[in-house]
Amino acid sequence: MNLTLRKISKILNAKIQGDSNLRITGINTLKDADLNEISYLRGSKYLEALSKTNAGAVIITSEFETYCPSTALIVKDASLAFAIISQEFKLQTFSTKISLNDDKANEVFLKQGCFIGKNVQIGKNTILEANCVIEDNVSIGENSRIGSNVIIQNSCKIGNNCIISPGVVIGSEGFGNVINNEKKWHTISHLGSVHIGNNVNIGANTTIDRGTINNTEIHNGVKIDNLVHIAHNVIIGEDTAIAAKTGIAGTTTIGKRCMIGGMVGIVGHLTICDDVIINATSTVNRNVIKSGTYTGFVPLMLHSEWKKVGIWLTKLDKIATLLKIKLKNIK
Amino acid sequence: MNLTLRKISKILNAKIQGDSNLRITGINTLKDADLNEISYLRGSKYLEALSKTNAGAVIITSEFETYCPSTALIVKDASLAFAIISQEFKLQTFSTKISLNDDKANEVFLKQGCFIGKNVQIGKNTILEANCVIEDNVSIGENSRIGSNVIIQNSCKIGNNCIISPGVVIGSEGFGNVINNEKKWHTISHLGSVHIGNNVNIGANTTIDRGTINNTEIHNGVKIDNLVHIAHNVIIGEDTAIAAKTGIAGTTTIGKRCMIGGMVGIVGHLTICDDVIINATSTVNRNVIKSGTYTGFVPLMLHSEWKKVGIWLTKLDKIATLLKIKLKNIK
Amino acid sequence: MNLTLRKISKILNAKIQGDSNLRITGINTLKDADLNEISYLRGSKYLEALSKTNAGAVIITSEFETYCPSTALIVKDASLAFAIISQEFKLQTFSTKISLNDDKANEVFLKQGCFIGKNVQIGKNTILEANCVIEDNVSIGENSRIGSNVIIQNSCKIGNNCIISPGVVIGSEGFGNVINNEKKWHTISHLGSVHIGNNVNIGANTTIDRGTINNTEIHNGVKIDNLVHIAHNVIIGEDTAIAAKTGIAGTTTIGKRCMIGGMVGIVGHLTICDDVIINATSTVNRNVIKSGTYTGFVPLMLHSEWKKVGIWLTKLDKIATLLKIKLKNIK
């Protein structure tokens, strides 16, 4: 990695305050950066670290420019600028990853151990890492990266510029069972597929089930973290982000630009409208029809306190009765 | 896919009202089905969709027969009939899956990249998808399907007609550690196994740990969804269904015909009796000795409300003391 | 497996009360052990089982010695002694696991289907199971075991004596996205790594993300169970144990010797001090600055009761207002 500050400033559309010929070999924190590394100021909380930094250059907004002891790259949004430049450094640092057994026909990069079914379409510059399993009739767009050990099952579609992390399963069977005459479960075979749009990221070991008849849909720009479960026929609207360990049950529809925290449980057959934020570890047990921020969990207590609180928690209705409190009085 | 309605009616033991020679090429929703597709009526909620459907035929119970604008297949349970016929369509649609490197000796279908240990027994018509790892001394019954990248560790047993979805790990080490004299963890090696009965389904990326000395047991007819964790020495009774993301800690026994919702946390060393329903995202922190439906979570609120509620929630015992409410008064 | 009791007593530093030449072929429960098997007494709860056991020998503390009907191995901590001897039995029982296609150059054991990148260092006696993917610049210490289908991504480091269970992903991308000018997510590329110390166990299908700039760190002696998510830049202190299905969000630091229960959700940018116990399914939404045991979840209720309680739960603040209860009165 070796970029001049001038090159970086062009990528970021930034103004340089200082030596534009400085060569940058890496990116680092304010605390750890050396003279050939660039850093960035996330906000006023880090002004003291800024004052002591040895970084060769710092990405900064104009409001903090005067505090910068080094060459400054002045931008409108320092966190966004960091995100953009992080991708440049990634490309250079990790470019040796594509190293073994590359098959460059059609400009698709296939690593060792991949299993590709019949009638599969893969767009140009898409990379398949080691030991992927791509079943029959799957299509994957351009410039996507399919991580090691990813499984994409029959007939699923993935768009352009997607990042599917290692261990992800796309197109697994939905969980649907019907009781038969002998009181045993009869499993529904899921005949739908999974359609994933463009610019979608999916985190490691996440699972996305295929639809029963219609498809499970992940729209453009959706970002999904690790170990998330998305059930059959769920629809996730554009640019919604879902943090790790969340589970979404069957046939629930989530709107655009939502932010779903980690380990949220969303029950089935619900609708969540656009621009909703659900805080981590909440349970969504009803439709959300108005944008806003929602929460539902028990705050952490000392266990000795929780034991006393818990007893009363399960008797709230009886306390209300005893005190002759009526719902209509307090709504 | 191309079946006459007569053939379908035989599979479903259904009465045909209309043209029994109609050729059916697919299954679809009431809304989307065309003249060569079959659909089904789940209940009265969908009567309007039924009135407008273009489906060539509809699976329906006799009670709604008069509302059906197309050829009708009259059955006792339309959802069960759909589940049964979905498997016929799956077999035909996805039959091209078994395509590469099949080894038909012993009628076991092995895909590319499978790793089979010593002294492994696999029954006839069982399929192993790509990149499976089957360790020494494992036995798998007949007509089972082991998904891609599944790992079945040493000495585990799987019955007949099981579906093990991609990425599942069966027989991983239990989580048991004992503090030693130097205040460090000493890990217990788990010497038991995992025994899985017949007609069991296990969802993608689920993990099932082996027992410490005795076995972890999953009995006949159990259905388990994606990303579920089943710890060492757990026993799951016949025909119990467990939805996605649930975790069951060590040495807990669950009865027959239970329905455990998604993201339920069940602590260790508990017993749950037969015919218990646990709603999604609940914590099971005690034995359940009476069949019924159980719940325990905080309903979703606007975050601004939750912040006010949360303060009082952690002080319920002190409110009771202040109000001189005693448990004996409200039990 | 065939060890004399004398050999076992030496391993455990135990006193033998009875025939030291007895040959032991297995380990089993008090209930199921036969004359050639050894068992152990976990505590007084199992005294009745002890009185009826057919075990050839029982590991026991001196306090219960007089109740032992068989040859006794007297130790200070029977559970620890069982943990120690379980590893001996494991080595012998499962020694046939390393059976196919071993490449013994450098004393590293590589199973079929492994993919090893450039500039990878692997210490002696370390075993890589089938279909592992080890990317460029990874280093793994000595005597470690890397399970089947494990993925260790670019530049991550693993210490000595580690057990990485099947399906684990180490070094996946962190979940970081910044909104750009067009109100779309711009993904941060994570340039840090994951550093895992010595004597660390990681359970099946767990995921550990790489750091943004600095590293994600798992210190010596940490034990992590299945399906756990550890986000970018998390630091886990020495000898902390984390049970299954727990999720830890980005940049959170956990101290030494903590015990985190199953399905605990820990939000990001928090600090938890040494020697903290968090009970299963709790949410940690604040720093924990004092060692102790903490809890936060709703106890399980009959669903019919929960429905009544839930209404009041969301109105606790309004009840307080109605009753003119003030926080200052009850703190």
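The letters A, B and C name the chains in turn, as written, and every chain counts its residues from 1.
Throughout what follows, contacts are C-beta pairs under 8 Å (C-beta built on N, C-alpha and C of every residue); 3 or more make two chains touch, one makes a residue touch a chain.
What you see is a predicted model; the values in this text were computed from it and never measured.
Rotation angle for the C-alpha superposition of chain B on chain C: 120 degrees, rounded in steps of 5. Although chain A and chain B carry the same sequence, what matters here is overlap: shared residue numbers make up under half of all numbers found at their interface. We define each chain's centre as the mean of its Cα atoms; on that basis chain A and chain B are separated by 26 Å. In chain A, the residues that touch at least two other chains are 113, 131, 149, 167, 205, 227, 245, 263, 297-299, 301, 313, 315-316, 319, 323. Only residues 27-29, 32, 77, 79-80, 82-84, 86-87, 89-91, 93-94, 96-97, 99-100, 111-113, 129-131, 147-149, 163, 165-167, 199, 201, 203-205, 221, 223, 225-227, 239, 241, 243-245, 257, 261-263, 280-281, 297-304, 306-307, 310, 313-317, 319-320, 323, 325, 327, 329-331 of chain C touch chain B when the two sit together in their complex.
Note for the complex: chain A touches chain B at residues 113, 115, 117-118, 131, 133, 135-136, 149, 151, 153-154, 167, 169, 172-173, 175-181, 183-191, 205, 207, 209, 212-214, 227, 229, 231, 245, 247, 249, 263, 265, 267, 277-279, 282-286, 288, 292-299, 301, 305, 308-309, 311-313, 315-316, 318-319, 321-323.
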